Every structure is written in structure tokens, then in C-alpha cells.
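Structure first, then comments.
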């Protein structure tokens, strides 16, 4: 197979890099998003073709086979996975990418004596492995293979520190000796660091961690690019690293929290995440029929979906309810909080999948002014994102997080299973407000009942 | 003088480049603007120090002397120049920069045989020289050393094309022979191109051309960086080239025109720019006293300053008038069109200089909704930016340019000298509107008279 | 390529990364995240190089594993992102489908 | 440094340039223009190198001229930009000054 001249290779890689930039740019504007993603994949394809044409390669059949296997595994999953499982999928794909980077780095160890290059190798191994094991934990948590509650044990932070120190030391030895043995030790320790990093993170925070690990993998890839002297890997990796970092910041801000708080909150015992102490204060609960009447005869209804709707996978039912109400001439809209659902922006994807028309989805700033002239707000499996404590209670963990001010509407209906608090583990005064009624039960069931009753009106 | 190791030099240059990026970033946000500019100058200083420490230089005393001379000339001008002359100043500084780039390129010709490098040299000479002579013309026009009207002669476009072709040919010879003679020819021809490019541009379009030439110089500097193998020059030049291009687009858009239209409009005879045919239709004109009464007893007044106010240098008087009205309890605001004045954003600088408080300056989108509940709009030396033709007359040269919709106010008062049209050379129906009154005379005088009358109320 | 040049490229890429996504609407957070995720699957290029130059079988096995993982990251990431955005895309007419049910 | 690397740097710098100024308010057009203008005065570095390596007097004269021009561009640009922004900066209290008149 003929070899491309070096300039051509570099040029083609540059084109691929430009594709990635355009991809990111497209992905951050509603119109260009899909095209952006296609441009990105085109760039990736170009890069892969280039490597085959430019480097003298052995084992090409085996490599092609491996690529086939990878695609054969990934594509069906990517096609079939439920939109509600998007976070674990992204986490998973991110993890394997990090793992690949770590492995590539290990194998490069043999070919490099230069200590600086070895430093890059060690860095890639460390960060890649952390991203791998960390992502594995996020998947396990989100699939509820393990508890979504923060897993902490006394002295955990010390174990963490020790492991980190140990792996750095091992890294030092790898640089000094380049021995595969030490490399293995480093890998194992790094995997440990990843586990210890993510275990203490509470369920709803996991998506932020996934975004952070996403940035990690990007950085690892950039470092491996330095090892291989491949500019494309450097640029692409850095792009993802940088944008991933920003994205993580933005998401954390939308939750009114800091990234460090999310990572080490559990250590400090700060976040009561996952607390489930039930309150016993009296509330006004009612039947699906009453709710149906409320909604069916209202002029204007805003539906506020949350984490709970995602858990209950009630998005299709809620979409049907919206259509039914519109059929009755009710003016319906959805108020979407940036972090409602299981990952930022997730609720938009879920409702899009349920064919809720784009126009009905209103962002925080759009919908907040409208609550005044809203008759009924239907809060489906959301809690923190409508909790007035974010504005009123300086002490509370969600203080400062922008919320949907549903309290301004005439009537508020909560669909939830119990009086358990939301992710943040704090009381929601709104539940005890005279204008509030609760309908207990799984979101999907309740919605189905209400839908039936509305149709029966 | 000791020589820095190459890595250190490169590193310091990189730091300087980063400073420039931060400078641009700062300059595009109101808060960070001034700090951004300071960071930029720090970066420049760092770069200059670095070059002295890193390269073995002869004639250092002479160089320092030259730098002193340059500063001694530029700083007093930069300190003293009137804010109304900002466009000339920017144009002038831009021109000398282009000239410097061209000269550097010429001198590098001796040291380089490689045809690609020579191509870069030729490119730098061409673009730099065009920027130099072009900017010279802009300054001459804005200082009214030559007519601000488009200077065109029959067959000009052919002369233009010929000169361009000739300079490209000369460039070819330079690359082939590297002879200083051909280089001189190229320089001369390029200077000619610059002149021919800017002569046909009408007065009010000149600022856009300055912005364009600004981008040109940036590109020339980037090219010279390639010649000198200096990454800092490449990065800084490219940054300015790119941002300058965008900025030019944005400005042109704010005028509802395309950049090419501005450059070659006069060739096509498209733009009637500078037309001064007076209209003879009857209008309602009135005395300073009447205007003073109108303003003095109004509840809410919006002042719309334009090009004419800048020409008349009436910004201080208008600021005083505003204060006098506010002292009478009138609610005063300024409606600023993006291209009001002599260059985009210029009016903000002028009024800032006249100590008009920031809060009173309202942008197009802010102020347009407010005209409904405005009693009197005082249009001072503005015309096109309030001309309804931009919305109503698809044929007109300003059609599509966003305007200040002063027609919605109860009363409109124009301060202008005559019935001559504005830059676009088209009638303004608003002048004949029953709700409109005109006060003829130089903006500054009229404002002074009105001010006096208001104080006398 | 010397260290500083690489550093220069890294710095510029960082700025690009920051600037490009700094103004993204929260509606697109999920697709942007999975799209960016797909991009770092480009480590596949590195994995292919290593696998193509592997001499002993163990190295080859590990390298091929890396290829599989990287491919999964890249291909899977782009596919699922497109799937998400496709739904965003067809919202309007989709709503009528829904109504038709 | 090889051509493609340079090209890579240029491309990245172009994107940075575009992105950074793409969202600037029209209020700042004038200062941004003159600030960017000052930045390309960095050609001074090139002029200094050429002048410092000039062998024959004519070259030196031309080079020194370039130094003078470049300095004017750079120093003048930064000074005038700062002067403009200073006025922007002190608007609020300035208004009171004005009122005091």
C-alpha cells in the first residue's frame, strides 16, 4: 500500500482537525447541530483513512477486524439505547476512549527513552485510566448496579490521597526505568484513583462527573498525541478537554454548585444528597379525577417535568396528556429547567423523543415571566428545580440555583410518589402551600390516570 | 548583551501572543475593555524586550533612537487628537503599520532564495503597501484635504485592473529574480493599487474601509512573520486579520450594505453617496425659542445624534442641553445608532468624552420600543439613521438598514443646515411629516441657541 | 516538532475550545456532550499506528483491544449524537404525527 | 518550522480571531478597532531584527524608518485606545462632574 508524503499526511490531518472545530461550533447552535455532528464524523473518517495511507502498517486485516468488532458492538447499542439511559451511554463511550488512550500510552513506553515523552506517557496512562474506571462507576451507578447514594467509608479521603501519591510515585519509576512492571502498577493504581474519585458522588451529580471525565479523556488523548507526535490528536484532544471543562462549569453553575463541591462534597459530608427522611407535615393530596378537572378546565397550563419523570420514563404519557389538553383548547407549555432530568439538557431530548413539538419547550428565562398568568402548573417528578428555598434560604444546598418560579401560578399540582425530598435532600415549602395539591404515585401511572380522566371529561 | 536560549525566546513570544488574545477578548466586553488594552500593551512590551535579548543585534543605539522618535511623534498625537478625528488617527496608525510591514519584507528579500518565502515577501509588500497608500487616502478624505466625494474617472476600473495585473506580474519577477529593482517597481505599483482602491469610496464609507485595511495590515504582518519565521508575528497578524474582517462585516451589516458594495459601489455608479441635490418641497421650520418650549415642557425627550453632530463638534453642547433639560425634570435619553457619527460606535465615544453618563446612552434595540411614549425626539445632524425609507422603500440604497423609528414619537425636531439629504443621498419623508419641525443652522450653533432659550424658560 | 510549537498549538486549541462552546444553549448540552465525546474517539488513529507496528503478539493483542475500544467510542458517539439531533430536527412535523395517534 | 505546522497555527489563530470578536457590542466598535490596530504594530519586532542585522547604510536607513513607523503604530494605538476607554470607564462619576458645571 503506497505511503503518502509527510506534507500530505499533515495536511489531511489538519483538514480533519478543522472538521472537528466546525463540529463543535455546529453542535453549539440549534440549527447547525446535526450538520456539525456529520462534519465531525467525516473528519474522523478522513483521519482514519489517512493513517492507513500514510504509515507503513502490519496486521492490517486484524486491525480492520478490530474496527469491525468495535463498530458491531457500539452501533446497535447507540441505536437502541433508551434516551433515558443517555447519561450511562455517554459515560460508557467516554470510558472506553480513556481506556484506549491509556493502552496506547503503555505500548508506546517501549519506543521512547526521552524522559519528557515518558512524562507524557505516564500522564496519559494516569488520566486515561482514571477516566476509564471513573466512567465505569458512573455507568454502574446510573444503571443502579450499585447504589446511587454517595459511597463513603471513614478515612476515605486518606486512602484517596495515599493512592494518588502512590500512583505518582509509580509514575516516577516508570519515567526513570521505563519498566513494564511499574507501568502495570501505575495502571492499577490509576484505576483505583478513578474508583475512589467517583464512588462518593451522589446519583444526580453523576452527569456532571461524566462531563468532567469527558474532558479528562480529551486531555489524555492530547497527551498521547504529544507522545506519538501527532498534531491531530493534540488538537482534537485539547478541543474536547477545553470545551468539556467549560461545559462542566456551565452545568454545575446551572445547579448552583461548584465542581469541587460535587467531587469532594461527600468527603466533607456537606451534601446530604440522596437523603430520604420523610416529612410528616400535613399536605393537600387529591385524586386523578380532581387533577383532570383542574387541568381540563384551565386556560393555561405549564408542565414542569423533572428527574422523576425520567426515572418513571413517563415522557410519552406526558406528551399524550399535553396533546389531549390542547385538543380541549387548553394552552399548554413545558417549562424546562437546565438540569431537570438525569443530565443537563436531558429533558429536551426526552420530550423531543416523545414528539413534543419544539415550540412548546420553554427555557427557564422564557417561562418564568409567564407563571403569573398561568392557571395550573403540573410538576411531574420535579422538586428541587421548583424549590423556593433556592431563593429564600441562604443556608440550603441549592441556594443560588436558578429555579422555575411555579409558586406564582394560581394552582400547583405535584406528581410524586411520597413526601421524600428531591436530590438535594431538603424540604420544599411549596408542597405545604395552600395553592398546592399532590397526587401520589409513580409519575407514569399518575399521568396515565389523569390522561384517562381528562379524556373522560 | 547575553542571548536568550531559543526555547526561552519562543516561550516569551508565546506569552506575548496569549496577551494579544486576552487583549482582543477583553476589548470585546464592556467591563474588560480597558484592562484588555493594557494586557495587550504589556504583551507588546514583553515581545520587544525579548527580541533585544534573543537576537544578536547591531546598531542598538540607533534602533532605540528610532523607537524614541516613533513614540515621541505618536504619543502626543494620540493624547491630543480630537475624538471626532478618531477615524483619521486609526487610519493613519494603521497605514504606517502597513508601511513598516512592506519595508521589512523588502529588506528580507536579500536574505531569502526559497521561492515560497519570496512569495510571502511579495505578498507582504503588496498588501502592506496597499494598506499604506489606502490609509493615506482615507486620512486625506477624512481631514478633507481632498474631497470626501467618491473620486472616479471614466475607465477607472480598467486602470485599476491593469495596475493590479501589473503588480502581480512585477511580484512574479521579484520571486524569480529577487532583484531590488523589481521590488521597487512592485512597491510603487502596489501603492497605486491602494490609491485606486480608496479614491472611489464615499466619505461616510471610509471608516469601513479603514477597518478593512486594518485587517489587511494584520494579514501582511502575519505573512512577514512567515518570512522571518517568527510565530508571534504570525499569530498576532492572523488574529488582527481575522477579527478585523469580522468587524468589517458587522459594521457593513449595521449599515445594511455589503463590503464589496462599499468598495466598488462607486465604480458601478450604484451609491449616490454624497449627493447634495436640495429638495424644494415645503417644510415646517421654527425658531430656537419654539424648540426650547417644546423640549422644556416635555415629559420625555430622546436625542438622536448623528454624523452632523460629529461634524459640527456639538457633542459638548448637546450634553449641556441634556443636563439643562434634566435639571427641569425632563426625562432625557440618547438614542445611538450603531453607525451614527463618523465611524461605527463613534457616537458613544464622542458623548462619553462629553461626559454624558453611560446610563443615558441607549442602543438601537433598547430605544426603539420607547419612542411610542416619547413626547419629543431631537434629531441632531442625523438623517439616514432615522429615514423610514430603510423600512418602506425597497429600492432605496439604505433599504434593510436598521433605523431608529423616531416617527413613532409625538413630535420630531430636526437640527440641520439645509434640505440636503444625508450620506445616502436620498429624500427623508420624515422631514415633511406634519409632526416634524426643522431648525436650520449648524448643529452646534442651533444647540447653543436652544440651550440658552431653555435656560431662559 | 519542538515543544514550544506544540505548546502554541495547544494554547490556541484551548482558546478555540473555550470560545466555541462558551455560548451554547442549555437545550443542547446533552448532544454537545456526546458529540465532543465522539471526537476524542480519534485516539483510534493512535491505536491503529501502535497495532500496525506491533512486533510481539502480546503487544498486538493489547493494541487491537485499544482499536476496538477507540472505535466503539468514536463510531458509537457519532451515531447516538446523530440519533438525538435527528429527533430535535423533526420536532415540528413530529408533533402532527403525535396528534394523529 | 514546516509549512503545515505554520498553517495549523494560522488556522487556529483565524478561528480564535473570529470567535473572540464575533459577539462584541456596537458600543465598543471604535475602541476594538483601534486596539486591534495597535496589536499589528508588533511588526516592530520584525523591524528591529532587520535593523539589527543591517549591513549597508541604506538598508539600515530603511530599516530604521520601519522601526519608527511600527513604533508609531504600536505605541500610538495603545495610548489612544486607552484614552478612549478611560472616558468610557469614568462615565458614571463623570456625569456628576458634568452636572456640577
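Chains: A, B, C and D, in written order; residue numbering restarts at 1 for each.
Just so it is clear, a residue touches a chain if its C-beta (ideal position, glycine included) is under 8 Å from a C-beta of that chain, and two chains touch if they have at least 3 such contacts.
Since this is a predicted model, take the numbers as computed values, not measurements.
Engineer: Please work out which of A-D and B-D is bridged by more C-beta pairs in contact, and write that pair.
Structural biologist: Result: the pair with more contacts is B-D.
Engineer: If you average the Cα atoms per chain, which one ends up farthest from chain C?
Structural biologist: B
Engineer: Using the average of all C-alpha atoms in each chain as its centre, how far is it in Å between chain A and chain D?
Structural biologist: It comes to 42 Å between the two C-alpha centres.
Engineer: Indicate the whole-number Å distance between the mean C-alpha point of chain A and the mean C-alpha point of chain B.
Structural biologist: Each chain's C-alpha centroid was found; their separation is 46 Å.
Engineer: Could you tell me the distance, in whole angstrom, between the mean C-alpha positions of chain B and chain D?
Structural biologist: Comparing mean C-alpha positions, chain D is 15 Å from chain B.
Engineer: Measuring from the mean C-alpha position of chain C to the mean C-alpha position of chain D, what distance in angstrom results?
Structural biologist: The answer is 38 Å.
Engineer: Got the chain B residues that touch at least 2 other chains?
Structural biologist: In chain B, the residues touching two or more other chains are 21, 231, 235.
Engineer: Out of chain C, which residues touch more than one other chain, so two or more?
Structural biologist: Counting only residues that touch two or more other chains, chain C contributes 1-3, 5, 8-9, 12-13, 15-16, 20, 23.
Engineer: Using the touch rule from the top, collect the residues of chain C that touch chain A in their complex.
Structural biologist: Of all residues in chain C, those touching chain A are 1, 3, 6, 9-10, 13-18, 20-54, 59-60, 62-89, 91-92, 94-95, 97-99, 101.
Engineer: Spell out the residues on chain A that touch chain D in their complex, using ranges where they run on.
Structural biologist: Residue list for chain A touching chain D: 7, 10-11, 14, 17-18, 21, 231, 235.
Engineer: Show which residues of chain A lie in contact with chain C when the two form their complex.
Structural biologist: My answer: residues 16, 20-21, 23-25, 27-30, 33-34, 36-38, 40-41, 44, 47-48, 51-52, 55-60, 62-63, 65-67, 69-71, 73-75, 77-79, 81, 83, 86, 89-90, 93-94, 96-97, 99-101, 103-104, 106-108, 110, 116, 210-211, 214, 217-218, 221-222, 224-226, 228-247, 250-251, 254, 319-320, 323, 327, 336, 338, 343-346, 348-349, 352-361, 363-364.
Engineer: Tell me, which parts of chain D touch chain A in their complex?
Structural biologist: Interface residues on the chain D side: 2-5, 7-8, 11-12, 15.
Engineer: Quick check: in the complex, which residue numbers of chain D touch chain C?
Structural biologist: Contact set of chain D toward chain C: 1-2, 5, 8-9, 12-13, 15-16, 19-20, 23.
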